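Here come two complexes built around chain A, the first alongside chain B, the second alongside chain C.
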Partner chain A sequence: MYMRSIFKLRQAFSVLTKYTKDHEWIKYDTQSKIAKIGITDYAQKELGDIVHVDFQKVGLVFKTHQSLGAIESVKVAADIYAPVAGEIVGINEDLKDSPNLINEKAEETWILQAKVQNESELDTLLDKQSYDKIINK
Partner chain B sequence: MLRSIRLIQRVANFSRLANPHEVNPKVPDWFKSSDYMEPRFIGSESQQVNEMLKAVEAKSLDELVDKIIPKEIRSEAAFQSPDNFPDAIPESAMVQHLQSLANKNKLYKNYIGQGFYGTHTPYVILRNVLEDPGWYTSYTPYQAEISQGRLEALLNYQTVITELTGMDVSNASLLDEATAAGEAMFLANSWFEKKKFFVDNHVFPQSIDHIKTKAYYLGIDIVVGDAKTYDFKDADQYCGVLVQSPDNLGEVHDWSDLFKHTLKDAKLLKVIGTDLLSLAINKTPKDQGANVTYGNSQRFGVPMGFGGPHAAFFAVEDEFKRKMPGRIIGISKDANGKSAYRMSLQTREQHIRREKATSNICTAQALLANMAGFYATYHGPQGLQKIANRVNCLARSFAKLAKSLGLVVKEGRIFDTVVLHNTETLQEYLHYNAQTNVRKIGQDTIFSFDETHTVQDVEDLFNHLQHYTKKKADFMSVIQKVIPYKSERAPFLQQKVFNSLHSETEMLRYINYLRQKDVSLTKSMISLGSCTMKLNPTSFMLPVSFQGFSQLHPFSPLSCTQGYQELTENVEKWLCDITQLEAVSLMPNSGAQGEYTGLLCIRKYHIMNGQKDRNICLIPISAHGTNPASAVLAGLTVVPVNVVDGYVDLNDLNKKIKENEKSLACIMITYPSTYGVYEDQTKKIIQLIHEHGGLVYMDGANMNAQVGYTSPGYLGADVCHLNLHKTFSIPHGGGGPGLGPIAVNKKLAPYLPGREHSLGSVASSLFSSASILPIPYSYFGQLGRQGAKKCTAMAMLNANYLMKSLKDDYKVLFTGQNGMCAHEFIIDIRPIKQESGITEEDIAKRLMDYGFHAPTMSFPVPGTLMIEPTESESKSELDRFIEAMKNIKLEIEKVKNGQYDKNDNPLKNAPHTQDQVINSGWSHKYSREEAAFPLPYVLQRGKVWPTVSRINNAFGDRNLICQCPSVSDYQQ
Partner chain C sequence: MILIAFKQQNMKKISYSFTQLMKLHLHDYHVNLKAKMVPFAGYEMPVQYPQGVLKEHLYCRESCGLFDVSHMGQVKVFGEDRMKFVETLTTGDFQTKKSGQSVLCLILNEKAGIIDDTIVAKRDDHIHIVVNAGNKFIDMKQMDKIIKDYNYKVQYEYLKDKPLIAVQGPNAHKVLNEVFGTEYNLDKIPFMFMVNIKKNGIDYQINRCGYTGEDGYEISVESSKAQELCDQLLATKMAQFCGLGARDSLRLEAGLCLHGHEMDDTISPYEAKLMWTVRKPNKETGKYNESAAFIGRDALPQRQKDAKFKRMGFITQSGIARPPCDIEFQGQKVGSVTSGTYSPNLKKGLGFAFINNEYAKDGTQLQADIRGSKVNITLSPTPFVPQRYYKPEKK
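Here is the complex of A and B:
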């Protein structure tokens, strides 16, 4: 019983990290209920030198898999797909002048912040292990 | 204003042009003319042809074609009789014939205006740019390291536009003014996501026509009204407001009040259409509060050409640059840190963004933009101001003179255009009595003045007016009273390049200095797959400059355009014959515009048949990026269809058809496919689409592999476009002009522009770039049935010979029946990359060290090169290319087995510049000889030096600079 509540507590204050097969990551803060969304290091390498991030507007209510903007390298423009449904509450302004931050630290550079509509939808996403399996196939 | 009606007349019987003795089989061959085009057009002579046939294991060209093209798709109906397609006539006879056609166009004194004006093309520019193959035979500058000359010229052009308009960023041209206005509307719609757009009723009618057409198919509501009096209480509903100054009636407006006050906080795009020359003395669009400005740069030294080609401009405030249509040239750095030009922000464009692109445009008007840029360079800011003032003074003198005769002149500030009220019969009077063409709207007669007019012209007009009004007044006293306006402009074009090249010697050297930097067809084969860089014969080009073709205003009365009527009717007829389709429209100004027009035709057909909900467009994933981009602009929804091993996946196609049974509008297919094979299932696909109520759009990009052997009509297509700049020898101009007419079957014919149920308007004038039509005309006439067909076969022979010669070194990705390719083939560089780290880009750049332009990179398959030699290259040139490619393969082997360093090798560091190689600090792990002279021929032929090393693309896109450096930058 004691152990269980400790576990619950830990979970309550933790950040849950999940992945999509489209190479986005989502880090969900269970306390603030806000998620940060970015792209994986693998995606960053595939795109090459990133030169611009095209954001959607703050306040956009989005469905799962809707485009939340695009990341542009010199030769490719890749959509950022919503891992879950929600609402955009913030965008990473630093990326406007330094889009290369994604190349440098993809897993730590968030692109946008979102309110998640339905927490349970996170369960449908991949954990690190399953994502790694996909990219190493 | 578009002339939809033509004089009904018999089409000139072209076959009669051939001298009867020339085509009489009874006359022995040795009597025939010595100047036929066919043997000149085809690169190889018969012995070389035989050697290549042997290499590809075919006994004859006919047998080769039988091996390549599946029987079920062969049809030679188009080529059976001289009644529908001519016999070849000799080069000299064709030039004479075209001169006589040009002479049938009557060059009356022209004051028509409305977006097209007379201009003096400086002869140094005419001969050394427009008529110079170093400029006109190069391709779009994708390979920037060997394109620095025209990239610099295009950057100058962009600077001219931004300096004159006051805007932050200009692109490197659009097709014409009307489509530029349409692009502005589309930008407004996609930026502000609203479906209503306001257009001032004094915008040029051709622009309004096109805006309405474009809006109709996208479901955008166009409100045309008087922006001066409209109250804009409902401004929030609009995504944009588009006005013009000087307007259709010549009035110069200051839109500051509307844009900076009335609409200050409105969430909409503020667009001003304008006249470039007027901006040398008038307030800029930027100062009037515009977000976007557009117009035509034709009067900067580009002949009117009965409508084109010329370059439209489009410039925006910084905020909108990533949504701008068209190519943008920017400055970046090369591997050595040296400043270098390149095409920037390409992710906006169709070849990357596909259905999400900002526009479908790819071919623009590079050659003409360069002419306009050189014109501004040659005249400089003072010169431009002088021309603008002169034109303005001529117009104002004329207005005063007309007033002095008691005529009522429209009030308001003018630049170059004068409106005389209540002169209903004046247009006719001047046409018949003074051989002078002017514009007429209702009771008003309109005169537009330009650089070519003189005081004498004004006096002549005045004398006619005296006669017409039966009144007298004094000429000289009026003339002496007109003085130039005080300029409203801050100093502009202060950069060095616009202030140091005003003598002809300096100008000539600058033009040649730039030209020498580029690889065009004058230097080597350009084997760009899908681009068809074939010969652009000099005798085809010559008539483009004939005065009768180049100096005619597109809205001239029919009685003055007889020569063009015969020319266009013949071109239309022959295109019908070649495609085996019913009717042709010459209006689309580029391949992409052809796709767009063809799709509008399909949409209009469904709408007229009560099936407006048919809006699904199936597109195989192998299609060119323009296909989905054009489909979206036509208001269609794109559904991609899979491709397996180079062939359309029939299972997936069936599935997508079933899923969209009720809403299927059409499929877009390319034939032969973009993978360079003649699919044998095409007829089946076409039948399937038809059975489900859809229509078939055939992309004509590869028409050069059909001519004479099969046709879109025979295969069952309903509509196709034709890239006259690929198949029919119009040169690529370093990125335009192009022409993309469409051919349609009987079902779709009524919907062509200008016909009964016209789909609308897709260009500024009915024949858009009419003055380059003598080129395809010459192609048909000089090559004739036999020659045109032989070109197709030779293109296949050259491609297969190249493929056979390279297949042991490089993996060939797809082949058709009997292991043969069509007119092009793809080599796969991905396995090489995996083994050695060498990429398709490394090979492309390394080819520059060998003096070659690279084949097409990563289209239609990423990590590949697509090679298309065309029929115009000789076996010896192909052998030189083979030698280069084989040697590059040896270099790759050296990287693989460690003889070369993985990173410091001739491939990764390619291309090598002269200053790198002669630098005494050379420290690479290979020799300078290996770097710059990898094969003996490179030295023997004369080295073609790339002028910059590998360009840093990311730096350029992250630090966008698209104008010439300012004076202060030079001083630093």
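Here is the complex of A and C:
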């Protein structure tokens, strides 16, 4: 029991999860300094069946709130906005063939990986509790 | 992520009633089915149900989709001058049509811009007109103007918000036979033909037509009986409700135009490639078989000369090109997208675009500027998915 709770604690500290009011999540690994970015389950539900993901290129240096690509459902297109400033270091290739993975597991399916320019910018984002308040309004 | 794109796209259609949305008679019925309701053409409309647009779309192609289209304008025209009236108002060819036959045609303005598209059915003692929800009040203004200017002896009745349920798909005829019984031979009535039936004291007006490319019907029924009809349709287990989302992807696959996208009051039937819906003179005599000429005819020859672009279907190599989206050839703008969607049946992005005449050939490769990245598109013949309207078996 003791071991397990320590393990949990470490995990919690090494990955910091934050949200934007525009329904993106960012999971920042404090050790590798790499963040994964995705959209929330609420956003996935609002969009409906996701049929295509448009990516920006790896290497793109972006500012906060810059468009990092777009998600297309049958009916709508929605931009993915950068929660913080940084640089794209990876895109989720699985989504090219199976964009519906986002519908299935939005909170676990990352869309892109990024190097975060300024760690402290993460403090300006919402924690889970504050984000849940926004969507349950 | 900004989740208002659908609403934004339809803003221009609901300018007259943005703050106070009208409710469908079956509003609560859709809410009970857990529909997601959005503003469209002044109404709160179901855009999708819990199964989602993709499944609704595919279910309609496989079995039968139900669509609440009560927001559309249903108008009955009575009076001795009704033929003159409808021949003035619309481009349809009615003289040779039998009672019951329906015609897809256009309402043009003096400049031959398309005010609306409409389905007009000739009946024994009246003419039945169905117009788009977003234009119905504009259409009725045009009707009032014609009655005044031409002094026609007609009266029209606007069947305000009368429930209209579209039943669409390869099983639509089975669904109707199960609900109404085989004695009405609803599976045998021709495509684009309207009948009235009475069952258990309830009047139904049924037109074999639709907006999905599938065989199907549109059933008009009095408000108090609409819910019962929907229950009966669902009870066949061959039909499910589909929202506006599926309606749009279905009509695009079937190569059908939508007013406000492929048509508007500045676009001519030449540009929209809808001249096939416009009344023509007899090839030998050069004379029209009509009691009155339609408004806009005089402007057509000039519009033909002036037409610099035309409506073309396109398929994208990846992604979806939705309006606003420019179409380019070697970096130069040669057109713009009017409608775009993902095709659940073809699993590709497709749509319609207005393309400058010199590039408007099927098979031409162009680029769509989708949020700054250039995506290859191929101009393609429509319908993208073959239409499967009912054709009687010839013996």
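Rule of thumb we're sticking to: the second predicted complex is superposed on the first by the 124 of 137 C-alpha atoms of A that agree within 3 Å, B and C clash if a C-alpha of one lies under 4 Å from a C-alpha of the other, contacts with A are read in each partner's own complex, and residues count from 1 in each chain.
Definition applied: a contact is a pair of C-beta atoms (placed from the backbone, for glycine too) under 8 Å apart; a residue touches a chain by one contact, two chains touch by 3 or more.
Computed from a predicted structure; not experimentally measured.
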Residues of chain A touched, compared between chain B and chain C (which is higher): C
First, second, both or neither for A:Asp54, with chain B first and chain C second: both
First (chain B), second (chain C), both or neither touched by A:Val76: both
Touching partner for A:Glu24 - first (chain B), second (chain C), both, neither: second
Which of chain B and chain C A:Glu46 touches, first, second, both or neither: second
Intersection of the chain A residues that touch chain B with those that touch chain C: 48-49, 51-52, 54, 70, 72-77
Footprint of chain B on chain A - complex, ascending: 48-49, 51-52, 54, 70, 72-77, 99-100
Complex contact set, residues of chain A against chain C: 20, 22-24, 39, 43, 46-49, 51-52, 54, 67, 70-81
Chain B residues within the chain A interface of the complex: 322, 345-347, 352-353, 356, 858, 953-954, 957-958
Parts of chain C lying in touch with chain A, wherever the complex brings them together: 1-3, 5-6, 9, 47-48, 52-55, 57, 245-246, 248-249, 318-320, 322, 341-342, 344, 349, 370-371, 373
